[in-house]
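For clarity, chains are labelled A, B, C and D in written order, and residue numbers in each chain start from 1.
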Amino acid sequence: MTDVGFSRNEMMIVAAARELAGQRVCFVGVGLPNIAVNLAKRTVAPELELVYEAGVFGARPARLPLSIGDPTIVTGATAVTSMFELFAFYLQRGLIDVGFLGAAQIDRFGNINTTVIGDYAAPRTRLPGSGGACEIAINARKVFVIMRQSARSFVERIDFRTSPGNLGGAEHAERIRREGGWLGRGPSVVVTDLGIWHFDESGEMRLDSLHPDATLDEVRTTIGWEPRISERLADTPAPTAEELRLIREELDPAGVYTR
Amino acid sequence: MAGAAGRPTAGVPGRTEGMPGKVATMRDAIRELVRDGDLVAIEGFTHLISFAAGHEIIRQRKRDLTLARMTPDLIYDQMVAAGAARKLVFSWLGNPGVGGLNAIRRRVEPAALDELRRTTGEDVRPLELEEYSHFGMVARYTAGAANLPFMPLRSYFETDLPTANPLIREVASPYGDGRVYVVPPLRPDVTIVHAQRADAEGNTQIWGLLGCQKEAAFAADRVIVVVEELVDEAVVRADPNRTVIPGLIVDAVVVEPWGAHPSYVQGAYDRDNRFYLEWDPISRSEEAVQAWLREWVHDLDGRAAYVEKLGADRLATLRPTPAPSGEVDYGMYG
Amino acid sequence: MTDVGFSRNEMMIVAAARELAGQRVCFVGVGLPNIAVNLAKRTVAPELELVYEAGVFGARPARLPLSIGDPTIVTGATAVTSMFELFAFYLQRGLIDVGFLGAAQIDRFGNINTTVIGDYAAPRTRLPGSGGACEIAINARKVFVIMRQSARSFVERIDFRTSPGNLGGAEHAERIRREGGWLGRGPSVVVTDLGIWHFDESGEMRLDSLHPDATLDEVRTTIGWEPRISERLADTPAPTAEELRLIREELDPAGVYTR
Amino acid sequence: MAGAAGRPTAGVPGRTEGMPGKVATMRDAIRELVRDGDLVAIEGFTHLISFAAGHEIIRQRKRDLTLARMTPDLIYDQMVAAGAARKLVFSWLGNPGVGGLNAIRRRVEPAALDELRRTTGEDVRPLELEEYSHFGMVARYTAGAANLPFMPLRSYFETDLPTANPLIREVASPYGDGRVYVVPPLRPDVTIVHAQRADAEGNTQIWGLLGCQKEAAFAADRVIVVVEELVDEAVVRADPNRTVIPGLIVDAVVVEPWGAHPSYVQGAYDRDNRFYLEWDPISRSEEAVQAWLREWVHDLDGRAAYVEKLGADRLATLRPTPAPSGEVDYGMYG
């Protein structure tokens, strides 16, 4: 915890949860997205329908799911289906408003790598791979990303493209999506431990909000390219007492995601 | 309004004034969600056929519909006779266990059509047919539900069906192991299914034969669910593996007990086979069919009147004795 | 009923049921196959697993199903599945030993028409069409056919090929099946109201057994080509009292199929 | 012996002397049905992972297996560390909610492999990887179950995955509406699934997450079902819509309570997350992994000993409170 009374991970999770205000159907990725979405459901988006790739629609988790296949997402859910149906009839059919992903590497256009660091055939670090991320990035109506910023994760060139973002830029991406009949419109926001990035008309991410206690210097030293900063850069409101209470007492008492 | 089109509708005001969630009268649901010229699928394989919805479509004199169903059954024979349809998309055209669908045949067989025109003095339009095999129809709904441009299947080899229907095409495997046939997605404007139960948001559970209702619902732009019983959300959430159609894609929920008669509802009532047998002679005479439609559809204002007209005694004979499923435990976690 | 104490339809159903002895998994078609298979289950093939295209495996019908979607095939069954699963995972996967079909027209090689009499675009008689017959004929390991004989049904040339049999003969059919990777080996028996036909090495049907009270003259006058008759033509044993009792008292008391 | 290969096995004598139907001990089932070099799929997405079968495969020192699983999870980390595997076919390689699979990474990352060879003094073979996305793996099992040469899906566009895995290919729609990617069928020699219950013939029912077990089972030549509870056929037949895998394709039924630990069984026990957390430090040291395998697999003769070693107190903490599904009525007809 920092002296501001909350950790940067807590700020990141709270900021990500707030982005879900007004959204309806969210495909919940493994890890940080899982806690952010569950926080949103308890705060800004009580009507949010949680979809888990494991085959659950309308989950009502009684605790923070330990994984995206936790039994608590099943009991009391609206529907449990085979994974074929979940991916084919819900995601590929276009019923998912927001696909919420994490990432190991991301570039300025929101293209994501979760496969390898280094050469694919002889990797320095072998990462988990796509899971459902590749099809979520293509078929979810829009994509939210949550990840910590660092020079190793925000890179000029990702080592492997697991999930497409705005490709080489908005124009290129829109042509490909139109010609390929994609239902997804690509990445819409990246929430980090330092701020909130949206994508501008050129398809590149732009820092629109800076978290309390974070500085533009930090932002620049944790990113592999010269970042675009909004002229109307906002200050992210600090987490409320209730948001912190929910994270610390209900969602992550062990502090797995937040320390 | 459309659910599966990606414009979810849960939370919108009830389709009918003063009713909760998406609950609506059949009249309002059909008036608002079925339009002249639509591709309409009333699905349910022998089980759960929404005769109530079909009759309301007849009553509201909808026109130029393309009617999709694996087995058109008596309901489409009646809708075609009523002049609601322009075309059928199907895979088996008969009165199951009894014989043919004669009102449809009169609009497909040239000799019978001439005779029909002569006797009625009307320029009755021939009915267009687009036909597949059962698996072909299921595959079409599946492709529609999955937003795929085609679905492969090992049917149609060495048959005349691809010639009769040029939408049945071949694709070579990119793995060098031969060719298979494919069918294109079927995307109804409206899919209508009958079910044992749903909650007010349209979360729907079915047991017994599932047919292709799930695929037909996900493939559609709009979905109407007609149920024997409206239940609390908690009943659905107690057994989420039993949910076949999520409210997310449902536009209206109509509560219509006996709404599938003369077809059946597993656990609730049996097929009224007497009617399937009676329809054969009726359907052989256009005059008798039109008289039947007047008496049992146009002269009644809805399903309640139909049920009352059938009479409690007849319905009582259709009730099965209980055969409980037993319970399973999902466990409460955290 | 004839004076021999049973009808020809009863003989046909009994003979068809007996052909199922030793078979394991049978896909039950609409109409006559339905009663023949249900009789076999009660006599020569108690272990027979009944599969209905409506989505039922291991049916235990308490009464003769009125149709192939009757609720009695569901209650007490081993499994009820979607029709996609039934056709894809059971039939197309090769789990069906016998597909049992009826037909409106059949030729000497067992090719079947259930679609139209006359021209497809302007039919004299519009028949039901394929239903599941087309895929059953291709994917079931073998095909049994039950139908009444008549010059209009046993024809030199069928008006429309709905379900492939031995095509132009065994050689042609075997090449097509091998090259196309079919799992089905085609028609194996045709049971009629007059006798039992199997398929010889040339792929053409051959009368192997003549029913009581039927004559070869009748056989020849109810068929559109010069039929092959086995040199060791057998006499079909008459229905037993028990077979007749099951049909008349349990399976078809109303005589829908048997009068 | 093979079920799905079209050589049904119901009615064959029990796999183990004196046991009914297809019921067998885990030792007999693995010995008879899993062979060196096989393509083995132990499926179950987070839920119902058959650690008991994986451990018996390790115990019997099976070799050169190709292991297919959407999420290899700890069980494949352990099997790979034990030297049972030559190759993985997968879509997400991690310790869910915790981190990486370190024993596997040591056999995939060249630097770590060199280090491993140095420390062990053995010429440890690198592990081959064949990777897809989740939907790609599901589609591969579905194509295998449906005996199709390929399955189309709208994934992989503009990614490096088709380059990394040339089995991911493109097909043009014959309807002129663009191209989609396809994946080939996955046909395991053996699929092993854990379930809540089955009867002695292998008719298997599952509730909660269904993952891709049905598709993986129908795709396989041989199927082993491991269950918490052996039930009478009547229990299955009372709720046929709950049946996921028919005995028709099952070769052996193994009764192994707690057989999915440390993963979970909906309604029976929770995931033992403590173990998932503990595995992370263990798996970072090859020595610790081998010591764990000796203590928890090789030095125990089966699941019963493992359960006893875990202790009743630890297991008691994993029991959920009841959450009953409620009953439905199928109705008795005739």
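What we mean here is this: a residue touches a chain if its C-beta (ideal position, glycine included) is under 8 Å from a C-beta of that chain, and two chains touch if they have at least 3 such contacts.
On a predicted model such as this, the values are computed, not experimentally measured, just so you know.
Novice: Taking contacts as defined above, which has more of them, A-D or A-B?
Specialist: If we tally the C-beta pairs in contact for A-D and A-B, the bigger total goes to A-D.
Novice: How far is the middle of subunit B from the middle of subunit C, if each middle is the mean of its Cα atoms, in Å?
Specialist: Those two chain centres are 29 Å apart.
Novice: Using mean CA coordinates as chain centres, what's the subunit C-subunit D distance in Å?
Specialist: From the centre of subunit C to the centre of subunit D is 40 Å.
Novice: Could you pull out the residues of subunit C that touch at least 2 other chains?
Specialist: If we look for residues of subunit C contacting two or more partner chains, we find 56, 70-71, 74-76, 80, 88, 92.
Novice: Quick one: which residues in subunit B touch 2 or more of the other chains?
Specialist: 142, 147-148, 153-154, 177-178, 207-208, 210, 214-215, 238, 241, 266, 270, 320, 323, 330-333 - these are the residues of subunit B that touch more than one other chain.
Novice: Based on which chains are in contact, what kind of graph results: line, ring, star, complete or other?
Specialist: Shape = other; not a path, cycle, star or full graph.
Novice: Sort out for me which residues of subunit B touch subunit D in the complex.
Specialist: Going through subunit B, the ones touching subunit D are 147-154, 169-171, 173-175, 177-178, 180, 182, 184, 196, 205, 207-208, 210, 235, 238-239, 241-242, 266-268, 270, 320-333.
Novice: What does subunit B use to touch subunit A in their complex?
Specialist: 4-6, 8, 10-11, 142, 145-148, 203, 214-215, 218, 236-238, 240-241, 243, 246-249, 330-334
Novice: Given the complex with subunit B, which residues does subunit C contribute to the contact?
Specialist: Residue list for subunit C touching subunit B: 30-31, 53-56, 66-71, 74-76, 80-84, 87-88, 91-92, 115, 120, 122-135, 138-139, 160-164, 167, 176, 179-182, 256.
Novice: Per the contact definition, I'd like the list of subunit A residues that touch subunit B in the complex.
Specialist: 24-25, 47, 49, 56-58, 60-63, 70-72, 74-80, 85, 88-89, 92-95, 141, 183
Novice: In their complex, what parts of subunit B are in touch with subunit C?
Specialist: 45-47, 70-71, 90-94, 96-97, 100, 104-105, 108-111, 131-135, 138-139, 142, 153-161, 164, 177-179, 207-212, 214-215, 264, 266, 270-271, 273, 276, 320, 323
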